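Structures for review follow.
Across the two complexes that follow, subunit A remains constant while its partner is subunit B and subsequently subunit C.
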Partner chain A sequence: MSNTLAPSAVQALKGAYKGVFKISVMLVAAYLAAQWLSSILPAADYRSLPLLGNRTAVWIIAELHLMFAAFVLGVPIFAFITEIIGVATKEKRYDDLAREFTKLLAMAYTLTAVLGCLLLVLFIVLYPKFTSYLSKLFKPTWLLYIVLIFGEVVIAYLYWYTWDVLQGAKKYWHLFIGVMVNLFGTALLFVADIWVTFMMSPAGIDDAGNLTSLWAAINNHTWMPINIHRLLANVAFGGAIAAAYAAVRFLNAKTEEERARFDWMGYVGSFIAIAAFIPLPFAGYWLGREIYQFSEQMGVSMMGGGFSWLWILQAMLIGSLFLASNFYLWLGMGRIPGAERYAKFQVPMMILLTIGFIVWATPRSIMATSAEMAAMGGSHHPFLGLFGVMAAKHTAVNLMILTTFFSFMLYRRGNRIPAVPWAATAKVVQALVIAAAAAVVLGYGVYSYYVPSNIRIKFSIYQVAAVLTAMAVFVAVDIPMLKGAKEFGAIRWGQIPARAQYALFFLAISFTWLMGLMGYIRSGIRQHWHVYGRVADESVNAYTMTHGHATLIVSGITIVFFLLVSVVFYLAARQDREPA
Partner chain B sequence: MQRWTFHIALCLWLAILAGFKLLIRPPMPASVLTIYMVLVTLGIMIFVAANEARFQAFLAPLKAVFEGRAPKLVQALVLAGIPLLAAWGTWLRTAPSYDAPFEARVVHPQPPLAMQLSGKKLNLAGLQNPLRANAADLDKHTVEGKRIYYQNCFYCHGDALAGDGHFANAFTPIPANFRDVGTISMLQESFVFWRVATGGPGLPKGAAPWLSAMPVWQNFLSEDEIWKAILYIYAGSGSTPRTWEEAPKK
Partner chain C sequence: MKITFLKIFAFVLVVVGTYAYVGQLVPQFEEHPPAKQVITVQTPPQELASIGEELLRTKGGCLICHKVTDAGNERGPDLRHTVREAAKRKPGMDVEEYLTESIVTPDAFIVPGYPKMMPSALKPPANLNMAEVKAVVAYLQSLGGTDITAKVQAADIAAAKAAGPMHRGKELMGQYGCVGCHKIEGEGGKIGPELTKTAANHAPAELMRKIIDPTAWITPGFPPGIMPADLGNTVPEGDRHEIVAYLAGLSGKSYSATGAASPWSHEGVRLGLVILVFNLGMIAALLIAGRRVKKMESV
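And now, the complex of A and B:
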């Protein structure tokens, strides 16, 4: 997928052919390797792997595969969104940006496929009995998955090679190919989620584990919540990786022009990442609710039992993401002439964010010495314990989202003064809308403590609806208000302190670490089951490891992922420097 | 004003620490105080670093000290203060203590999929309180539950169901406070039934160290009596059990 080749339909077909050939070879090699290993190793339900052990080996490869899969699904979504913005605004730089990121895909596809094949071999060789059970159960979906992989590869190559050919009047054809790439990518994600979610919340099988309804097994309790959660997370992840790539290039830039280009690129990446990140807690809450509803045992394990400690780490990371996003925006306002008008909002916003973060990170059950426990009368603090329940967390996270959104809006209008005569009224409406949403969030948050849990859960929907409505109304007013606005001056792209770029790294690393951590919780709550409540894990690994051990593995995976991503970035940057 | 950024930030940090230490009662455990102060530090530092002029103003006094431009006394205080603070921190961490170690107690122990009740297996998934099926008899059962509660549970869980019965302070931790929003109102009745019927000895290994002096009530009460007592603790504490609008797919 070299960009040095002249784009043409012939090359598109050649590229697609090369991709199909590569995937076919890898799949055949994986199948043959698995068959050969199975034939020479003694027959067993489980086979052990020296050094790492079965579970850890599968865990590392599966997680890395998932992260690269998120990369190759997230980046095309990111590229497609920026391409659409380019068409809508008629600004070529958006089209160039989309093209730049699509270029990253070739290497990432190869790595995803290699890791996927390796995972397949590990499954077949180390967990033969269970893999055989699952593949028999879901045979049609495996076939669909393979068809989708080939489809995705062919269309992705077409998407890249036709970029320059399908410009101008033909641009809509290119956008259509972009839609297809993302449809295939999303379909792949949805199919892979079938197997994962079936293992968590099995349906469509009888007591003996025989299939009674394939559709029920597919459309199990957690399938759609995970689909939506992962889809949003992929967009956020794609944006964050794109922003991190821009940050690397910014820090290595030699000229002002380069700095300006990559500063802008980092901004667009972070914008898309944060925009997708904002609804993510709502989708996560839906998933958590479905898990709880499917099995109280899993729900309690996750939120109140042994795994609840990991949520404190999650809270720290998510709270830090909010802080980092605002930090980046506020630093960015330093390069926007006129944005100093809004510096006065930073103090109240930081107070709100910090209080929100404190509430978000307050544990319900507190680590305490026996003297502290005696003083509290147990492991729940009579006052702080109120912040440890979901009613408080929802209120906090909604207010943090609202604050971050407000930061965005201030950033957006940084150098502009509305020219429309009704601007003053519009600003009052915007202020009222934000205030009303905050009041709804706070009001329902407090009222939540006085109602039964099934009603309390509905309140969280009202809180989310209030925040989303406020955002929609604010933007709906903002767009016409800023049409034809006067400008203080142009944004001085490139003139941003280097530390802002580290905030972009932080976003990407935190997203990745969170994916690993939350994935571990989701998978770990099955405990000693392959398929929860139906097929027991009878291997020596059917135990829950310590949190310290588990988080070390997650951290290690994150480091390996970024080392591999660095290679992708390096190759892309080198390609740029090579003469055409 | 901006030239005092460092001093304001430091005073704010100390004021918040003092507030947490002095205003929250009972005292905040050290683990929570650490989390809160890390977040406060993060909040202050992010705010300071988010504006170039503010950041440089914040760094100015530090640069003055470390570049030797500050008064000698200030330099001496800072340079002596840093190792002294480190030494104090080291002493606090290494000094022998007779306190029991921290206990990582989970919020709720994880219920099993099934439990043993008087020799028979009872699946907890989908288990409902059978006494709620007939609404006409609900009040009668609740009154009986109240009697059972006062004969058996009251001594620990208290008259107001707030975990403050006569014997409560003999236990660490004290018995559950049913009026707390984080206890029974968070749970389905099947969970509460399991906890009551199997007591402390029925707690899973995964929930360790879970300290509970609760007896195995199935040895003293019938299945119906346990359900009745559960009806009463919800009614008496003004809470309702967690329920779901729709049944899980089978």
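And now, the complex of A and C:
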């Protein structure tokens, strides 16, 4: 340890210990509070929380905890990637950006821990019988979880506090800490998913609920799909929230330099959000398939039963996300000299996205009066009903993904003119690849109507494969083609209308609301079971509420989340005035 | 700055409000868990069919794939015609036998034109017992307009009772060796008193006290000092509650197995140890680093 490093190492250790101490106090307080409340309240299988009720209270706290957890697990992933880009390109602005992302974490960790401890108390006090059952079943994993929490806190704080110290030749040590933060974070996510997914798709227990295989209980049908789905969603969510932070700072910026800095940060945040968001539907298909494999009944009630209408809401949200992200890119092209060449594509792309949105949000069956049903000839509209099936929806979403990708590629080459002699041929190849993918998607989409469902479901794989292949080929051609490209001029960072920042807020709000909705569907499809098909929920809350009621709760959670996040933003902004 | 925050927050409210409003536009309905049905050997056929209809619509989840009216689902065969078709499905098998088989082991015969996708109704999530399966058969018979022949037998009811609850008291009494001396539900030793109906004469709190301190009271006719004196330390608090809940259940009483675990329970001690290790580790690291800094400063 060098002379200069040693005092900084002490500072970093002090910072990390502050984190450990905070978590220790919170855990001890939560544990003692839960035990004290359990000892003074009468023994019962369920206890009732006045006013809010058990389910709503647990729902709100669990969802808020999950949102902050998603943020603190997602941000280090792309902060680390940004840091690596900084090392590879030797551009300091990437390192600064990664540091700016990481700055958001400290307060968010504290809020995640407070909410987690509160949730633990609620579980133990309000659902003592079920919590006791689950904790006995997964005894070794609880301990591992606590160890991982402490490990994550120590390493994450070290990651932040050593940023300025571990520069230059020591940068690789900082990158190593970054790897460790993400490994611990991912492990935490995977352990927490064990309990959640076991409740959805139990395995490893006998008919009486006794454990027969811990590994089978862990590695249940939905564990790995949810792990991957959440990992991607965390990055998308973290990116969206970081972009919203940049938007706030942009709108409050006092200098051109500050505006340029946060404009760029907002762009990178939104790019991360959309890039991680694009593969999410594919991870979702995998999860859906596993749910069907675990229980046809659960799958059917999720997609075709009482929950099917929530997928229409999901389509509305994702459609809005696609529109908003393209809108942001198109506004951003205004600050790119030369990008006006591509303005002609915007209207056709918007039309395509709007049509895709409408198709995706078309319900298959419509709640109608008997007179309306008689007029339609059934519960399905004779024409619109055709667009409400998965054949049309898969086609729509794949075309929307392709359009958004194309939009981003145009943005990317906005101020550049390829200098390589084979540029014209390359552009033809790129156009053909996009056209071929669109043809495959459309072709299989139409063909889907003529084959049974068990064959049709496989077509979605071909559609997805076509889109992914087109994207990969396009990028593979684009990178060498734009090497040494001539530039119309530098991007004028900071010169973007304020409404573009509202597009970033819109992305963050929609991602948050969407996360709340999908969390409700995931949990709600267990219906009146704590553990699906095995441990019944015998409380007064064991019913599926109306969609309207559920969406009001999701909305309330979203508003509370943004209130809390504004505190995180405020504290992060304040840190600018203080040394790291 | 304040104005910007207010504007942003107003924007949050507008977007969230719009989503919440759209949420009110989709069809609204509540789904309640199936009511518990009491089926006995004496349940009359029409009542059995009525219970069967309720089970088919709720606990069985049959209407997710089948239909009983024109407007239902068509993933599986139309249940209005099952009785008519059942007689022709398998030679030598009558309607009741066929319907029972198709509910209990659906893969035994797949109706042409439909995929193999139905889980056994005896398995989760439907989790019907045989008495309930017979009720569903009775309903299908009444739906098909034939006589209800399905009859619940005593064995079907017994099987229904055998579906175990979540409490692990019985298993724990084996694990802690209680059955070595006590007879419970016809099994176990004779050194101590039979415990099958002990909760009829002792309140749960008394039973709990007996486990913690075996000398608390002695059943007349049995010698003292046989039960291990340290039983209270051997059996953790959570498990004691489970055992009391099990014994209470055998006497037809209900008792929640979940009381408060002591902060000094195994879980509490483990949590404390992890906290201690991390705190001590960090303090040690700080001390070592601090010493090195001082050393360097002095050099």
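Keep in mind that, in the parts below, the second predicted complex is superposed on the first by the 564 of 580 C-alpha atoms of A that agree within 3 Å, B and C clash if a C-alpha of one lies under 4 Å from a C-alpha of the other, contacts with A are read in each partner's own complex, and residues count from 1 in each chain.
Here, a contact is a pair of C-beta atoms (placed from the backbone, for glycine too) under 8 Å apart; a residue touches a chain by one contact, two chains touch by 3 or more.
Predicted model, so just to flag it, every value in this text is computed and none were measured.
Asks: Just from the overlay, do subunit B and subunit C fit on subunit A, or is there a clash?
Replies: Verdict on subunit A: clash between subunit B and subunit C.
Asks: When the two structures are overlaid on chain A, which partner does A:F21 contact: first (subunit B), second (subunit C), both, or neither?
Replies: second
Asks: Have a look at where A:D207 lands relative to subunit B and subunit C in the superposition and call it first, second, both or neither.
Replies: The answer is second: A:D207 touches subunit C but not subunit B.
Asks: Return first, second, both or neither, reflecting whether A:Y462 touches subunit B, subunit C, both chains, or no partner chain.
Replies: So A:Y462 meets neither subunit B nor subunit C here.
Asks: Look at A:G306 in the shared chain and tell me whether it touches subunit B only, subunit C only, both, or neither; answer first, second, both or neither.
Replies: So A:G306 meets both subunit B and subunit C here.
Asks: So, A:Y447: does it touch subunit B (first), subunit C (second), both, or neither?
Replies: neither
Asks: Pick one for A:N220: touches subunit B only (first), subunit C only (second), both, or neither.
Replies: first
Asks: Looking at the overlay, does A:Q297 come into contact with subunit B only (first), subunit C only (second), both, or neither?
Replies: The answer is both, since A:Q297 touches subunit B and subunit C.
Asks: Just checking: does A:F505 make contact with subunit B only, subunit C only, both, or neither of them? Give me first, second, both or neither.
Replies: In the superposition, A:F505 touches subunit C alone.
Asks: Which partner does A:W513 contact after superposing on A: first (subunit B), second (subunit C), both, neither?
Replies: second
Asks: What's your read, subunit B or subunit C touching more residues of subunit A?
Replies: C
Asks: Does any part of subunit A touch subunit B in one structure and subunit C in the other, and if so which residues?
Replies: In the superposed arrangement, which is not itself an observed complex, subunit A uses residues 295-297, 300-301, 304-306, 309, 312, 316, 367, 373, 378-379, 454, 527, 533, 544 for both subunit B and subunit C.
Asks: For a test of understanding, state which residues of subunit A touch subunit C in their complex under the given definition.
Replies: Interface residues on the subunit A side: 1, 3, 6-7, 9-10, 13-14, 16-17, 20-21, 24, 27-28, 31-32, 35-36, 38-39, 43-45, 128-129, 131-133, 135-136, 142-143, 146-147, 150, 154, 202, 207-210, 248, 251-252, 295-298, 300-301, 304-306, 309-310, 312-313, 316-317, 367, 373, 378-379, 454, 502, 505-506, 509-510, 513, 527-529, 532-537, 542-548, 550-552, 554-555, 558-559, 562, 566.
Asks: What does subunit A use to touch subunit B in their complex?
Replies: 201, 203, 216, 220-221, 293-297, 300-301, 303-306, 308-309, 312, 316, 319-320, 323-324, 326-327, 330-331, 334, 343, 346-347, 350-351, 353-354, 357-358, 361-386, 388-389, 391, 449, 452-454, 497, 499, 527, 533, 544
Asks: Spell out the part of subunit C that touches subunit A in their complex, as residue ranges.
Replies: For this pair, the touching residues of subunit C are 1, 4-5, 8-9, 11-13, 15-17, 19-20, 22-24, 26-34, 61, 64-65, 71, 73, 75, 115, 117-119, 123-127, 163-166, 168, 171, 238, 241, 255-263, 267-268, 270-272, 274-275, 278-279, 282-283, 285-286, 289-290, 292-293, 296.
Asks: Please output the residues of subunit B touching subunit A within their complex, sorted ascending.
Replies: 24-32, 35-36, 39-40, 42-43, 46-47, 49-52, 55, 99-113, 124-125, 163, 172-174, 180-182, 185-188, 190-191, 206-207, 239-246, 248-250
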